[in-house]
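First subunit A sits with subunit B, and in the next complex the same chain sits with subunit C.
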Partner chain A sequence: MTSSPILDRVSAIAADVLQVPASSLSLQSSPETVESWDSVRHLDLVLALEQAFHLQFEPEEIDQMKNVECIVDILSAKAPKR
Partner chain B sequence: MAISIAPYTADWIPAVKAFNQRMAAGGVGAEFRFPESNIPHWLPEFDGRTIYQRYYLAVDGEQVRGAFILKYQEFRLGQDPAKIVYYHLPLSEGIVNKSYSSVGVLMLRSALKMEPSLYCLGMGGFDRPLPTMLKALRWSMCAVPFYFHVEHPSRFLQEVQPVRGTPLRRLLADAGAFSGLGWLAIHALQTIRSTRPLLEATAEPIVNFDDWADALWARCAQHYPLIASRESRVLNVLYPAGKSFLCYKVSRGNDLIGWFVALDTQMKDNKYFGNLRIGTIADCLAIPENAGAVIEAAQAVLTNRRVDLVVANHSHKGWGSAFKAAGFFEGPSNFIFAASTGLSDRLGPFPEVQHQIYLMRGDGDGPVNL
Partner chain C sequence: MAVGDFRKAAALLALLWNAEPTNSTAAFVVQRFEQLRSHLSLHPFRLAILRSFTVEPIVPLLRASAFCSGIDLTVHLSDFNAYVQAMTDAQSALYAFRPDAVILAVQTRDVVPDLWKNFGGLNREDSSKVVVQVTSEFRAWIQAFRKQSAAHLIVHNLEQPASPSRGVLDEQLEHSQCEAIRTVNRELAAAAAGFSSVYVLDYDGLVARHGREQWHDERKWLTVRLPIAAGHLGQLAAEWMRFLHPIAGKIAKALVVDLDNTLWGGVIGEDGMAGIRLGTEYPGAAFQELQRALLDLYQRGILLAVCSKNNLDDAMEALEKHPGMILRPTHFAAMRINWLDKAQNLREIANELNIGIDALAFLDDNPIERQQVRSELPEVAVIDLPSDPMTYARIVREFPVFERLTLSTEDFERGKMYQEQREREQLEQTLSSREDFYRSLQQEAQIAPVTPATLGRIAQLTNKTNQFNLTTRRYSEQQLNNMAASAEWECFSIRVRDRFGDNGLVGVAILRTQDSTCEIDTFLLSCRVIGRTIETAFLSFLADRARTRRASRLEGWFLPTKKNAPARDFYFNHGFTASSTNGNGTLWTLDLAENTLPCPAWVSLQIMNGEEQVR
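Entry: the complex of A and B
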């Protein structure tokens, strides 16, 4: 997985929320590939990311969070607006 | 395809049916089927009506991936009218297909965007998925206390499932039921706990709520920091004549002091109440000082109908004290109230206000399962 500051932070947060090793996550990691990634954990992940990045996601952005790569893309797009 | 929230129109009925079928195929129980009509059977929206429901769908192209209901109702918050909205029956395909894990959050966030002052009620306990989600969102939550009074101790011991949870408890309950010791013990406990003098209230059956109910509402609303409107125009919609609601007004001498709505239901293999006949005080209203008289009147009506057990949920501390003074026991409650952060901010410090707000089984989605 190519490293970037946002990706590293997302991986660390996702690993913590989903209770999996960060090394097991890739850009393509998603609810379909990570067993613990259910609806409640998805919310936990959204909230943890909002807290860490000091922002709030719009409902449509939450829908776009299909996998780690999408999350990084959304955060990359939002970050400069802050 | 991006998922978006859309009002439920007739065009979506086939997609809702397909959604229900996918949920059922995934093992979701029949009680979690979304209505297959876009017009609510209960509380449809009419011009001029202040209490109504709207259905919303989470749509993905031509498919439905989730759904929820918003119930709009006027409340009194402090001294002011307020629009506070009940969020219920949220269903997400994420339950059966993890590709849609985001739908639950998406729906809740969308509902909050539409109506920041949301609440949930019921939900079956703190450990269920929705309360877990609400807790993560920092909603304020509390259980609405549950009160019960045993009218027929032998049948209570034979039927109430939580009392009969283990073989030993079943043996003891049966022994108590058949020997008469159970009757003696429960009767003695309820009598000892009943601390108030007879309040000599009389109950008169009513067909409709009228001006007298509005006058009572005007006197009562100010006593409760959060209470759903209990004006006659609302009550006649919630508790229409010709249904199974037992509606009474309560007087002491010539003074009208309150009203109550009760239900008399024969349970059948109910997971909590077995085959008991349950009398429910579903809704009522009085100033806190007259709570005991209204409870006494409701209990008398239900006892005369020969129910086995009288039950009620009530969030207000003063009413709780009145139930206990009438000999009611407080039991475990899975009837949960949750207030969004937007609503909590308007309410004030939740630990202080949670015992003063006014919620009963008639609130939320009404006295269902009773």
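Entry: the complex of A and C
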């Protein structure tokens, strides 16, 4: 997967929270493809991202987080540009 | 990996956790500790959380934090809003879980929705009725819980709304919304105080400390029933830890502090008295604020000690004479001001104070000193300080090993007692004979049967006295109560005063008389009075007591442990003979007809009986 600063941070956080190796995650990784990604872990992931990026997601945005790619897109649109 | 490597790995995880206490770090730290746990000696602890909101994401934060403090936490969560059923039903999963501690985490909006969102529609009587109802509910839940379980119970109090329903008018009214919630909280605190091991967590204060507006995430509440913003979840976990530390016994008895750039700004040996920063204005005020926090610990019964690399004269001049100092040399129970290695100094301080290394905490602005202490003495609770001194006081105040859930009179006085002890030792050095020393102390001992007022302290002593303790039997308040109610058993305490001050209640003896034999089940003295013949005075009283109960023999076991060597020759030195031994220890016997056991002439003994204590 092509790397970007946001993508790298998202995969590192997702790897910790979902307790899988970061290398096993791709843009297409989702609750369907990662066994440990259940609803409790999904909430953990959302909160961990909010903590890391210092922001709060709208409920609509959380609904759209179907896979890693969606998460990166939402964060790219939301995170302050550096 | 060797044991040391596992400890190092655990210490690294703790550093990682302290640097970034987030949900992703927590997941990582918990996973790693679960792999290491069988190689570390962690304190297993079972915690149940009864809740009216989503706490699942807080659990990993709490477990990570607990692991880093040496506690292996197993957590049971009640179903949503099933806390009443969990507490009142003896068959509930809560009781089957056999918790060590239970947290009742409820919110105002769930427990008293009327007070939270319908207050505008309540008249005066309605609102008093609601207040009375919810406080009696709280009381009934605690009562039901106590009936089923002896576990510690931590109850969240009720938070205030960010905006009262009547706006600024609310504070002007006698029966305001805020006052109604304050009344519930006051009544809850009073109810908790009526039970042993029931504590209130000031949730309203916690939310206020971090700012109501920032604390809440209303969207998450409405979508996933999580009322707290992601950035504040760790602070609730930390607040819970402040209770779990004293409950699990993960506490420090003494705090050892550095001087330069910790107690004051600058280096006394270089900057001199006029140059160090310590006073009421910026930047010296930060250090005064830290000293005030340390004084609070001192008054809570936590001993303070100094460990500093300095010239003794320079440091003492500042400690004694600097006008900005809040602490003075009398506040410190031990001092090591020299150029030796700090780990070695800490070992000596623990030794001098008669406490274990694991009962020390260490405060030093220098990360290299902290690192050295951490690697050489992993048992010491090392407090990490950032570079900004303005944060020091808060960090010390929130450090969980200093938390206490109860305080005895002795705790309030402890620092002073150590100071008096040093004066006694100085006197001992100036007097030529032991006897002169004993006489000059003018000791008065008061022996009394256990009373409701002394029960707590007596249980505390049986549970924490290790050195001068013949049998090291641990008793709860409940067990001691049962003994006091039986005819066979008698439980006595001893208080000691001398010319330097009151040592407080420092010893316990438990006797069991059956036919002609009187057995000393428990005999213990706090180490601060050992070696002053108080033990002989107390034992002579027991011999008299045994005679009064028409016993012909006084006997007692010495059960050796790793720590009670000071008590090993106690019975032998008082004329007892060894009558039998088994794998656990030796039974010593004194024939009461053939032996007198006089009280030393220099101890004035006062015996309180049951009637006197009623008065």
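Basically, the second predicted complex is superposed on the first by the 80 of 82 C-alpha atoms of A that agree within 3 Å, B and C clash if a C-alpha of one lies under 4 Å from a C-alpha of the other, contacts with A are read in each partner's own complex, and residues count from 1 in each chain.
Keep in mind that, in the parts below, a residue touches a chain if its C-beta (ideal position, glycine included) is under 8 Å from a C-beta of that chain, and two chains touch if they have at least 3 such contacts.
Owing to the predicted nature of the structure, the values given are computational and were not obtained by experimental measurement.
For the composite obtained by superposing both complexes on subunit A, the positions of subunit B and subunit C are in clash. In the superposition on chain A, A:Trp37 makes contact with subunit B only, while subunit C stays out of contact range. With both structures placed on the common chain, the touch criterion links A:Ile13 to subunit C but leaves subunit B unconnected.
Of the two partner chains placed around the shared chain by superposition, subunit B and subunit C are both touched by A:Ile62. Of the two partner chains, subunit C is the only one touched by A:His54; subunit B is not. After superposition on chain A, the stretch of subunit C that runs into subunit B among 23-31, 149-157 or 437-445 is 149-157.
In the superposition on chain A, the residues of subunit A touched by subunit B in one structure and by subunit C in the other are 40, 43-44, 46-47, 58-59, 62. Within the complex formed with subunit B, the residues of subunit A that make contact are 31-32, 37-44, 46-47, 57-60, 62-66. For subunit B in complex with subunit A, the residues that touch the partner chain are 2-5, 92, 94-95, 98-99, 101-106, 108-110, 113, 129, 132-133, 136-137. Here subunit A touches subunit C in the complex through residues 12-13, 16-17, 19, 40, 43-44, 46-48, 50-52, 54, 56, 58-59, 62, going by the rule given at the top. Interface residues of subunit C, counted against subunit A in their complex, comprise 22-25, 27-28, 31, 54, 56-57, 60, 217, 219, 222-224, 226, 229-231, 233.
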